[in-house]
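Multiple structures follow.
Note that chain A is present in both complexes that follow, paired respectively with chain B and with chain C.
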Partner chain A sequence: MNSASAPSKLYSNDVSLLVVLLDANPFFWASSAAASGDSASQHHPTAVLSFSKLLNHVIPFLSSLLLLNQFNQVVLITTGVNSCSYIYDSEEGGAESATGKVPAACSKILLRLEEFLTKDRLLGKGPDKAVASSVSSLLSGSLSLALCYIQRIFRSGTRHPQPRGSPDGPEQYVAVMNAIFTAQRSMIPIDSCVMGVQHSAFLQQASYITGGVYLKPQHLDGLFQYLSSVFATDLQSRSFLQLPRPAGVDFRAS
Partner chain B sequence: MAVITMLAKYKTTVKEPGIPGVLKMMEDVFSFTPNDPRSAKKLKVDFRNIKGHKFSKDGSKQALLNLTQVPEKGGGYIFEFNNFADRNVCRDFVGKVLGKFQTLTSEQTDQPSSGKVTASEKATASIEQLSTKEMEHRMKLLREDSELQKLHKELVFGNVLTESEFWATRKALLDDDSDRTLKQRTGFKSAMLADIRPSTDGQTNKVTFSLTPEIIHQIFSEKPAVHRAFLNFVPVKMTEKDFWTKYCRAEYLHRTKNSVAAAAEAAEDEELAVFLKHDDILANEARRKIRRVDPTVDMVADFSDDYIHLSVHGILQDGNKETIDSENDFAKRTLAHDVNRHATVVLEGRALDIELRDTRAVAEALARSKEASSVDTSDENANLGRQERAVRMTELEDLQASHSLPYASLCIKDPREYFDFQQVNALKALGGTGSRTIDYSLNTEDAYYYLLQQISEVKLQGVHNPVVQSDTALKVLTGLTQQISSTRYNLGKNPQESVLDRFPKRTKDEIMLHWMSIQELLRHFWSSYPITTAYLYNKVLRLKSAMADIYQKLKAIKDVQSDFRHQISLLIQPMLQSLDAAFAHYDAEEHKHSTKNGARLNGFVQ
Partner chain C sequence: MSSSAAVQRRFDLAAMGDAATRRQRRVGNEDDDDDDEEEDDQGSEAWGRAYADERSWEDLQEDESGLLRPIDTKALAYAQYRRRLLQKCAASATSSIQKGLIRYLYLIIDLSRAASVTDYRPSRMVAVAKCAEIFIREFFDQNPLSHMGIVTIKDGVAHQLTEIGGSPESQIRALMGKLECSGDASLQNALELVHGYLSHIPSYGHREVLFLYSALNTCDPGDIMETIQKCKKAKIRCSLIGLSAEFFICKHLCEETGGSYTVALDESHFKELFLEHAPPLPAIAEYATANLIKMGFPQRGAEGVIAICSCHKDVKIGGGYTCPRCKARVCELPSECRICGLTLVSSPHLARSYHHLFPVTPFNEVSSAVPFKVSQKFAQTCYSCQQSFVSHGSKSTPHVSCPKCNQAFCLDCDIYIHESLHNCPGCESRPGSTT
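On to the complex of A and B.
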């Protein structure tokens, strides 16, 4: 197959549909929180982010995207350990109540997240104790969900940035690669924003093959800045913007 | 620059005996003082007024050097020397000085002094232009190659290298050019020279034909029968002059259409008849060509090539349309015949490359070349080859089987990606991941509980305002910018681009110039060792000071703060290293030399 690394379509406007895949692997987030509580000499203080802080960055990012263009659409999908689900779709109308300090959309997101997590926990049939680094979230599942959604909408100019922290699960390799190639065929760039300690080979390959951006932010405090300056760029602008590239791509099949 | 003092005789024309005296040449002026103090012919002339110099060939009667002046003043100064060696020394000196002046003023036009010598100049007292030609040549090279010119200016005018040293290493450049100009083959003129019209003298009954070697060459090429006749008759049966007289007579008769007179003369003189008959060689050739025609319609020849035997269609020469008696089997050459034959010969190209001096030589050379070419054509293998080709070309495509085989197209990936991948692995091996991960074993319940807690925390607190601190944001942006503009990611991606191209133009030019100067200086430096003469020693000193200058300049470039500092220092490093090696060698030699001298002086071994 062709390994064209950039879509050759000319985008005539800067409307975009963004599907964000958020990694909600509780083991990863809990362990990173525990690690930050530990002797901080071994870790960079900014190398870990608590989940709440993450949400603090991601939710404004989604709102800002909606601000960029009237026709932009944002979809949020979470990747759990046992399941994945659509959390939020900006096209959805409906009366929401702003609860307290939190704006309406945000509260909806949070509510849904909670529901998802409880469901996920119930679905889990694994052992009660697990080593955090060995539990991977279902990337392939969420990628497939995202791609199906996009196909249904069938709009040009869709992207998915994915904040992701947990390690790659080798059992998902084939499924993930399938999803990546589908994305490549449909000319959907996959951007990846990786938090956590290691690079992710899957996401590197995904971004490389589909022509997206791969980024491992150095300063996690400024995550929002990273998101809005790199990942918010629409596809039309990417033809004349220079975005950060990784030094090399790890092509190994894990 | 040296000063040359020589005994010479000054004269204004070649024929004069000349006034003996002393000629002194300095850097920018030359003077002549006659031996006889009473004589008024003292000279002191600035070289700027001298445009060029001419000199007589080595071995001719007088050893002359003629310094020609600016065209407005006209004339020149002629000096006669006692021997050619003296004259040559002066000549070289003058040439050098003039060359220096010419490059200073950077004249574009050819020197007016280099009188163009045509090939037909007589040999006695000939004036050769070799040295000026060389000077011109050098100037042309300098003009064409601006880098060479810059190098030349820097080194020669900085008194680091002399002109001769500079060009000594570039003999290849100088020689190549002259070879090239000779190689171009000139063809025949397309004007029909062989159609010679005589000049008639109105008063007497003489008709004058003028033949030059060029015309003769053409005649031989176009009329092989005449060529054969020449080879056979001259000098056995008649002299060359007679031969040409007969030929011209035949031409004249043909032209005047006086067929009766032609027949009469031919009967008398059988040699003349040769010229009037059909050119049978041509006829043979035409027949042979027709036999060889490729049936696959390769139009090498067809029947009308044998145009001599065609019935008369065309206009006869001189526009006369009358039909000629068929009993005369003399060649009924029409204008079309002649033009066609001439065109064929011109297109075939010139068989000989030699200069035309002697008719006999021309004829023989032509005969030799014809022999060579005829051997090739009458080859059996050639016939077979032709037949095979005919068969191949008559292939009927409809009846062939289809050639399309199923194939899989290659998918060739860019090999550079492999190297990128290796780099990532290398980074990983170096510990690019940072700190070691510590594995925690967690309770599932706890993990989920933690997450839910986090979410409710957000619910309570709401989203922070501002989302990001301004200084953090600034840090992020600068980090991103550096990462994007870093050259690490651009190297090796584009095969057409080189690192040099990414520098600003001025830096690039500077570095290139320094590089070329260093090459030149080092070449001369290393070739001067071992030092045997004082001249070499001085040269090495000069080179060393120039190298020290460049060394300083390179260091300054290296220290300049810029985006490309790393690349520039990588480029400059080998240059500095080579200069360091040269300096070290020089110091070592100096030390050796001084200890040797010291030992000799004191007589003790230190």
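On to the complex of A and C.
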């Protein structure tokens, strides 16, 4: 927007804190898993991905980030339909690393995700809610959680990529925009990786305003390659890398 | 007896010259106090200056047993924040208050002789300029659709430093230039100047003036009461922040026009008072007319498009925004199209102002001493940042909880949520939360 006003922050090292917001909307993933077994997928073989395959790409991506630098930190937050929650924080269990063993993140993540999804489903079955109408995930909630966490850490070089599948919910517009402006002010870039069929206007605006990267991968089988080449770059290196730029930004509110 | 003699001697020194010093040396061995007083009096030693500059005694306070201890700034800051928040919410809780989001503000900085007084480090003028830079950024951040101009008062005459505009950079650049202070301050001349400029503003804009006044007097060419009435008729709302002391004409001006008058006690208080003017003030009923305002939402040009931009009159490649009415290219938003005069904004700019209209409800404090309900389990960690509340055994640090979603938050998150984020993470993480 005001291109001259935001001063560029100089990052002195390549340590980064990455907060990944993973969209676990069961409505979206169920429909895409059904489509992947369909004959229609012959025509669009690359457009769909099931949730288990997604995890196959995301978990090695998180591990690779931790390998890049000893001080990198990764936090995983899941966005459900009825709640959001912290799944994994690489700083936990730091005492065990004294023996030299790297804690096995994979099993912990899967276990916690399983718990989260059952809890999410239970919340949806409450007596007072008719959830059938809300198919969108709670992006604003998880963005707010992530920003509060980052604020607590206060280090330079923090980012947020967000794999996201389901459509935007217009009722969250104001909340999402509030979160985006806060991120812009604290200079936290929001990167987005969209795996649904259509583009997400909210995430396009978020990445544009905060100076992050917006990507809609063409070939979802190679998702890990997209993640590790585009989103694993730390903020210091971004100044001399040519990252994908969006063709146009959709500023609509819905 | 000896103290009065010492005082007498000091006066003699000032009046005479050599004779006094000779007399002092003769009786020098009589009282040690006199010699010490002489040294303190000059204050040219570095250690003396350090004490005078830093005022380290202000950082201490007495506790219950009379011992000295440093001030607990964190608890103080939090208490201040709570007071401010509750004040704001008490005012707006009873009725839905209309706020002026499109503001045309003139900042009037007093550069008279009184601004060179050094009670603020390094001088009042420099401290004011530094705070003004922070204020300008904050102002455009909270009110992206507003405009601001700067006027200075020097030698009894008011000059316009920058024209009223919507970009923070030009204002800040002018402030950072060389500023000198001299002469007297004149309230009336400043008001007349600003009245002339603000009369060209469209009726939907809110006209405001903020004075940063250091002087203790005003030298006016005519009747200032007439000027005040003129401003009141023109619906200009004047507020004033005094740096020295309260005086009647400022109070009268602010009361007549509906602004606020505050006097700063020290630098941090001044900054606090100054930044309080950044968020939009509640609109006065008869000043706010509800109009339909025409605004354009330009599309962003694709990369690689070549066009001549209307603001720099230069060929530009890529980027830029096209005015929807006359298709002229502008470089940045928000701005006015130079060809057809349409106000151009983008939807994120409007969205930036929403949090003024839909604020987050204040959180309730949770006392760690007595549980509210016996069956209620204490929250162990802050919901938003996962920081643990329990430290050193079973004593838990104070925390707050949201009345709507009943999640617990730590104090730092509370401040962050209410001042920057404007979203409660607990409420947003529940389905069916509509704004």
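What we mean here is this: the second predicted complex is superposed on the first by the 223 of 254 C-alpha atoms of A that agree within 3 Å, B and C clash if a C-alpha of one lies under 4 Å from a C-alpha of the other, contacts with A are read in each partner's own complex, and residues count from 1 in each chain.
Assume a contact is a pair of C-beta atoms (placed from the backbone, for glycine too) under 8 Å apart; a residue touches a chain by one contact, two chains touch by 3 or more.
Keep in mind that this is a model prediction, so the values were computed, not measured.
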Chain B versus chain C as contact partner of A:Y149, first or second or both or neither: second
First (chain B), second (chain C), both or neither touched by A:Y173: second
Partner chain(s) touched by A:Q205 [first = chain B, second = chain C, both, neither]: second
Residue contacts with chain A in the superposition, chain B compared against chain C: B
Which of chain B and chain C A:L117 touches, first, second, both or neither: first
Partner chain(s) touched by A:R245 [first = chain B, second = chain C, both, neither]: both
Which of chain B and chain C A:D89 touches, first, second, both or neither: second
First, second, both or neither for A:H57, with chain B first and chain C second: first
Overlap of chain C and chain B interfaces on chain A (superposed complexes): 1-3, 124, 129, 131, 134, 245, 247-249, 251
For the chain C and chain A complex, residues of the former touching the latter: 137, 140-141, 167-169, 297, 299-300, 302-303, 331-333, 346-349, 351-352, 354-355, 358, 382-387, 412-413, 416-417, 420-425, 428-435
Chain A to chain B touching residues, read off their complex: 1-3, 24, 26-27, 29-31, 33-35, 38, 42-44, 47, 50-52, 55-57, 59-60, 99-103, 106-107, 110, 113-114, 117-118, 120-121, 124, 126-134, 197-199, 217-219, 221-226, 229-230, 242-251
In the complex, chain B residues that touch chain A: 411, 413-414, 417, 419-425, 427-428, 432-448, 450-452, 454-464, 467-469, 472-473, 475-477, 479-480, 483-484, 488-489
Residue numbers on chain A that touch chain C, as the complex places them: 1-5, 81-84, 86, 89, 123-124, 129, 131, 134, 138, 140-142, 144-145, 147-149, 151-152, 171-175, 177-182, 185-186, 205, 209, 245, 247-249, 251-253
